[in-house]
Structures are given as C-alpha cells and as structure tokens.
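Below is one structure, written out as structure tokens; the observations come after it.
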Amino acid sequence: MSSPVTAGWGYVAGGYGAIGALVAGYVVSVLRRRRSLTRRLRPTPAEPALDHRPSTATVEEVP
Amino acid sequence: MTLTVPALSKHPRRSLLDRASFVLGVASAVGVVALLFLGLVVSPPAILYGETVRLIYVHPAVATITFVAFGVCALASLAYLWPRTRSPRWDHLAGASAEVGVLFCAATLVSGSIWGRYTWGVWWTWDALLTLTLMLFVVFVGYLALRRTGGDPVARAKRCAVTALLAFLLVPIDHYSTSWWNTLHQGNTVLRVGKSPLIEGWQLATMLLSFLVFAVLFAWILLRRFEVESMEARLEDEGYVWAIAERRAEGR
Amino acid sequence: MWRDALLVAGKDLRVEARSRVTTNQVVPYALLVLLLFGFAFDQDRPVLAAVGPGLFWVAVLLCCLLAVQRSFSLESSDGARDGLRLSGLDGGGVFLGKAAAIAVQLVVLEAVLAFGVVVLFGTHLADPLLLVSTCVLATAGLAAAGTVYGVMSAGLRVRETLLPLLLLPVVAPVLLGATQAWLAAAGVVAGSGWRWLSLLAAFAAIYLTLGVLAFGTLLEDV
Amino acid sequence: MEPVIRFRSAVALVGPFPVLAGVDLDVYPSEIVLLEGANGAGKTSILRACAGLLRVVAGEARVLGRDLVADPRSVRRRVGLLGHSTALYDDLTVADNLDFAVRASGGERSGVAPAMARLGLTGRLPASRVASLSAGQRRRVALAVLVARDPELWLLDEPHAGLDADNRDLLDALVTDAVGRGRTVLLASHERHRAHALAGRIVTVAGGATDPSVPDRRVRDAGGPLGFGPRSDAPGPEPGVSHVA
C-alpha cells in the first residue's frame, strides 16, 4: 500500500475534479441558456430591452 | 376593446439583479481561486488522513449548500402555496433552487463516496446521513421531472409546490428513521463544523472560507438560474399575447 | 367532509366489487412477486425466513403502486374527473374517500401476502398485536401518500412512469419502519418495534393532513 | 334584472393556447341561448368556463352572481354541464351512477327514480352496467343525472348528438320544462333546425370570442321575460325579429 501521504492525492484530485466538473458544467449550461433567452426575448427596437413593462401586457401593443 | 392579459410573471428589474449577480459572480470566482490555493497548497496534510483531508474543504460545504438549496425551494413553494403571497416568481425560485440543489447533492454524493472509499474502504455504506442525502437526491429528481410536465402553468406550479413541501418533509422523517437504523458517520466534524478541536490553524481557516465561498457561488448560480426561469416564463407569457391575436384573426 | 369521504369510498369500493380488478389481478401479482423473491434467493430457507418481512413490505409497496394507479384510472375515463370537480365535493372528502378505498384494498392484500410469506418463506411471525398495528399505520401512510401523488400525476400523459418515480422514494421510510417493526416482532432484530410505530404514525399523520389540505387544489388542475 | 351569465372580454387558456380570447356574453334568467359557430370556435370552452371547469384568466366572468375569475368552484353545484363525455363510471350500474352523481352534487336520492322514469331508463337498464350501454343510452343516463339534479343553469354541449328522433323530442320537452321552472339554458349545437326551434336567441362564436360583427339574431320569443330590448352595452342587434333560415 503506497504511503498514505502520496495515495491521498489521487482521491483529492478525484473529489475536487468531480465537484469542479459538475458545478462548472452546470454553470456553463445555465449561462448558455440565459444568453439564448435574452436574444430570443430581444424586443422590437422601439421598446427598450427588459424595461419595467407594465404588469399587464395589453393587446394594443400587438401590431 | 382593450384586452388585458396579466403577464404571468413580472420580470426581474434589470439594474438591481444584474448588478448583484455580477458582483456575486466576481466574488465567487475570486473565492474559488483563493480556496483552491489555500486548500491544496498552504494547509498541511493531516496525520491520519494524509492529503485526503483536503476534501474537507469542499465536501462539507457542498453538502451544507445542498440542504440550504432544498430549504430555499421548500420555503419558496410554501410562499407560492400561501394565497396572499402567491406569485409566479416564487415558483420560479423554487424551480431554480431545486435544480441547483440537485446539482450540489450530486456533488456531495460523488465527493462523499470518493472520500468514503479512502477512509472506510467502501464506495457506499448505509449510513444515516448518506442514505438521507441519496433519498433527497432521488426525490428531487422526481420533482424536476414533475416540473417539466406541461399543461397549465398555474396547475404545474401548484403540483410542484406541494411535491417540494412533501420532499422537504422527508428530511426530518428520514433523519430519524435512518439514524435509528444505524450510523457510521463521524458526527458533525464533517457536516457542520463549529469550533472543532479536531482541526485548527490553516485547516480550520480554509474550511470556514470554503463555506463562505460556496455560499457566494450558490447565490450567484441561483440568481442566474432564477433569471433564466423568469425569462422562460416571460417568453411563454409573451406568447399568449401573440396567440390571442392570432386566435382572434382566426375568427374574422 | 366525512359524508363526502364515505360517498367516494363507497363508490370506489363498489366499482372494485363490480370490476374485481384487485382481487383478480393485483392479488395474483402480489403472490407472483413473492414467488420471484423465492427464485431470487434460490429457496435458501434460512435467508428467506430472515428476510421475509422485508420482502413482504416490498411486495406491499409494489401492490400499493398498482392500487393507486387503478384508483385514479377510474377517474380518467370519459370525463369522470370533470364529473368529480363539477359535483362540488369537498376536496378533503374526496381525498379521504379515495385513500380509504385504497387502504381497504391494501389490507386485503396484506392479509393474503402475510399468509404467503409464512407459507412460502417459513417466516416466523410472533407478537400479532405489533404486526397488525404496524400494518394499520403503514397502510394509512401508504394510502395517503399514494393518493396525493396519484391525483398529482393522474392528469399527466406520463403518469405511468411518473407515479413510481414520485411515490416509491417517498414511502421508503414506511418500508424501513414497517420492516424493522416486523423484524423486531419476529425477534430477529433487537430492541422494541414500537419505536418504529411512532415513525409510521408521524408519516401517516403528515400525509393525511397535507392530503386533506392540498387535494382540492390538486384535483382542480388537470 | 341580474343576468345569469355575464362575460366581459373573458380570456381562458388551455396550456399556452387561448381557447377563449375575449368573450362578451349575457344570458338572462329563463332564457334559452344558442351558441353557433364553426368547430373549434370556442363553443365548448364557453360552456366549460360557465361551469367553472375552465379557468378564466382575464376579463370578467360572473355566473349566477358568482365571480368565476376569483373562485371557479363556487358555482358548480348550481350548474349542470352535459358534455360530449358523460362522466359516468363504466363499471357501475346505471342506478349506482345516477345515485352517486346526484348525491355527490348535493341532490337528494328522491330525484333519481322520477328522472329515470322520465328518460325511459326502465326494465333491465337500471341494473345493467354503463359499459354495456349504447352511446345513445349513455347520453340518456347523463341527461337523467341532469334532470335529477335540476340545476339552475343548464349547459348543453351538442345535446342532440347521438339521440334518435323521439329522444330529441324528449330533450326539447325537458328543456322547455326546465325553462318553465325558471331554469336558464345555454346550449351549443349544429342541429340548425332543432336548435333554432328551441333557442330564443342565437350568439355566434368565432375565433374564441363572440363575434361582434354578426349581431345576435332573435328567432322568436321563447317565453320568459325576453322582450327587454338590445343588451345595454353589446353592439345593438337589430330590434326586428326575423326568422333566420
């Protein structure tokens, strides 16, 4: 059995790697979804993006 | 004739949320780097565990965040179910925190079993806390499956809110049932560390830092995910206005 | 509310009496499950005897799943679900009614299964009082939880696969508690089985109260 | 006179799709109103909305004085909906079904026997399982439930479909009786001839809304207090009474 000190690094790498991969992978997916959504939500130029829209959207706004 | 359709969700104010999440983003990035540096380089290996003690800088923090995330989900669900405080935003928060919770729960389980492999020589033991965490993971995966079922958004939100509450009620029940059953776990030196005599100096400092860093990271991810959830709802919501116009055109 | 509950339970049980689905299909299925366990442990009698209670409760859990799916398939036919909504029955009443109907069917199943376990596995069952009270509490918990998740997944297209995913992990504590109580009754496990009953009682209480409160809104939405 | 049904630009959604996109409708007590329109125009949705089954998310929706937007469940026991699906349990017998349906909605069992007699559900029918009945018979059982409950508002979705000639006459008689007893009827039907003979007023539905361009046509005075002129705020239907071909 290799001495406990060196054997430990394998597990440390495994642990950090696992958490890192999971968290990083998820963060990337969330950011990508967020970017695509902001693009799809880009309103017509007349209306500023993500402004304080009135709580009810009235049909009038629909051309 | 004006036809008003209540937007099912008020979208988050841009300035406050964006600025907050930007700051959080930077803070969590810096925190992670500092934690890696302290955890892997500066703090000494322990006598008994050798290098694997470094796992103590990630595993307990991730585990704690898991419970925090599921707690946020349960509270948001409760707020949604309560008629006075009902608003779609609670449902979005519940959905976001559940998903982040499942992520951290997976991280906890993986890192826990890797560490268990070293210290107990086995990937999995039917220990009270491990079983509880795995139970929570399975139950909330079911919750996420329920979130994706379609239909009327209000109905979906109610179903999910009730499930989230039930899932979170599982925590105390499971806690007792599994702890009566048996427990191998080391007690709270691993999970919630107060001033623990077992470790001190750099190790303790790094560990406390790890809780802070992961808390900030959690908050940032949650905020981003919450924004995504709200935007998705708004997209669906805006669809209604167009759909109503098309529907009426059908009639003419 | 209790009048509504009786009405709904009466209806469900009368449907069962007429259609005989549980007695003709679920009971044989339960015995089949025991048989499969027998094959799995290749008739190693001492092991089977010791593991009997656990297998019993796993079989009960699987049958509870079928009973819940059957109970909510009644409503999915020909607009019956709208009928229930339209009738203006009290949500809590409908919940208790359906849960009671499921519970009755489960009790019948448990009787048959207990007989099966004793015969097939040769499990020694002592302390009948503890056994029966465990059954009563566990059945209440299973029926309540089953009804809550049953109505939740009833309206959805993916209900067949969603219900097990939602229900089984949640009733795991019941499986654990009931099995431990039975093992204690059979003297296999040290310590008193009564401790586990308090767990089963807590579980049943939580799901019964939450079911009565939430069922109305859950039934409301498809 | 407080209308039994009062919808103002009511919107209802099924998932993302707005089945109702701005419905304006007034129905007054003891009136028989016919909803006409193409398939998918929203007739059934209007009936389901009136019964409180379909949630109205915007606009105003009041039935029997109750606000459906706030609480759709408040009106259900006073309303009867006869839809395409009969809401019966196949495994139960006709008698069991009727008994459960009536008692579940708060009615008395006493109403069951006369209703069955009225609908000709006699002989071996009461004891036979609903699963073994023909479509026409099933509709008669569903109709019997409605007759036994005798709610204040009758919502009939294509009631004549699947009924043979004399059963249709029976239906018309039942509806006329109900209106005679002060009940109100809102029905959707494609049976132009029969529906027009039955209905006092016709509202056209298109594109999930009541179509303002087509004025409400008055067929004839169907008894009951109908002669109170055009509705206050709706587009004025021409007062003259013309028999619509």
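As written, the chains take the letters A, B, C and D, and residue 1 is the first residue of each chain.
Basically, a residue touches a chain if its C-beta (ideal position, glycine included) is under 8 Å from a C-beta of that chain, and two chains touch if they have at least 3 such contacts.
All values derive from a computational prediction rather than experimental measurement.
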Sort the other chains by how far their Cα centres are from that of subunit B and give me the top one.
D
Chain pair with the most C-beta contacts:
A-B
Centre to centre, by mean C-alpha position, how many angstrom separate subunit C and subunit D?
40
Averaged-CA centre spacing for the pair subunit D and subunit A, given as whole angstrom
50
Using mean C-alpha positions as chain centres, tell me how far subunit A is from subunit B in Å, no decimals.
14
Multi-partner residues in subunit A (2 or more other chains touched) are none
Mark out which residues of subunit B touch at least two other chains, giving numbers and ranges.
3-6, 151-152, 154, 244
Could you pull out the residues of subunit C that touch at least 2 other chains?
220
So which chains actually touch one another? I want all the pairs, not just one.
A-B, B-C, B-D, C-D
Within the complex, which stretch of subunit D touches subunit C?
51-53, 73, 76-77, 79, 81, 83-93, 96, 100-101, 103-106, 129
Subunit C residues touching subunit B - in the complex, by the definition given at the top:
145, 148-149, 152-153, 155-158, 162, 165-166, 169-170, 172-173, 176-177, 180, 195-196, 199, 202-203, 206-207, 210, 214, 217-218, 220-222
Could you please specify the touching residues of subunit B with respect to subunit D in the complex?
1, 3-6, 150-152, 154, 236, 239-240, 243-244, 247-252
Hey, which residues of subunit D end up touching subunit B in the complex?
9, 11, 13-18, 21-22, 41, 55, 57-59, 206-209, 211, 213
Quick check: in the complex, which residue numbers of subunit B touch subunit C?
81, 135, 138-139, 141-142, 145-146, 149, 151-152, 154-156, 158-159, 162-163, 165-167, 169-170, 173-174, 176-178, 180-181
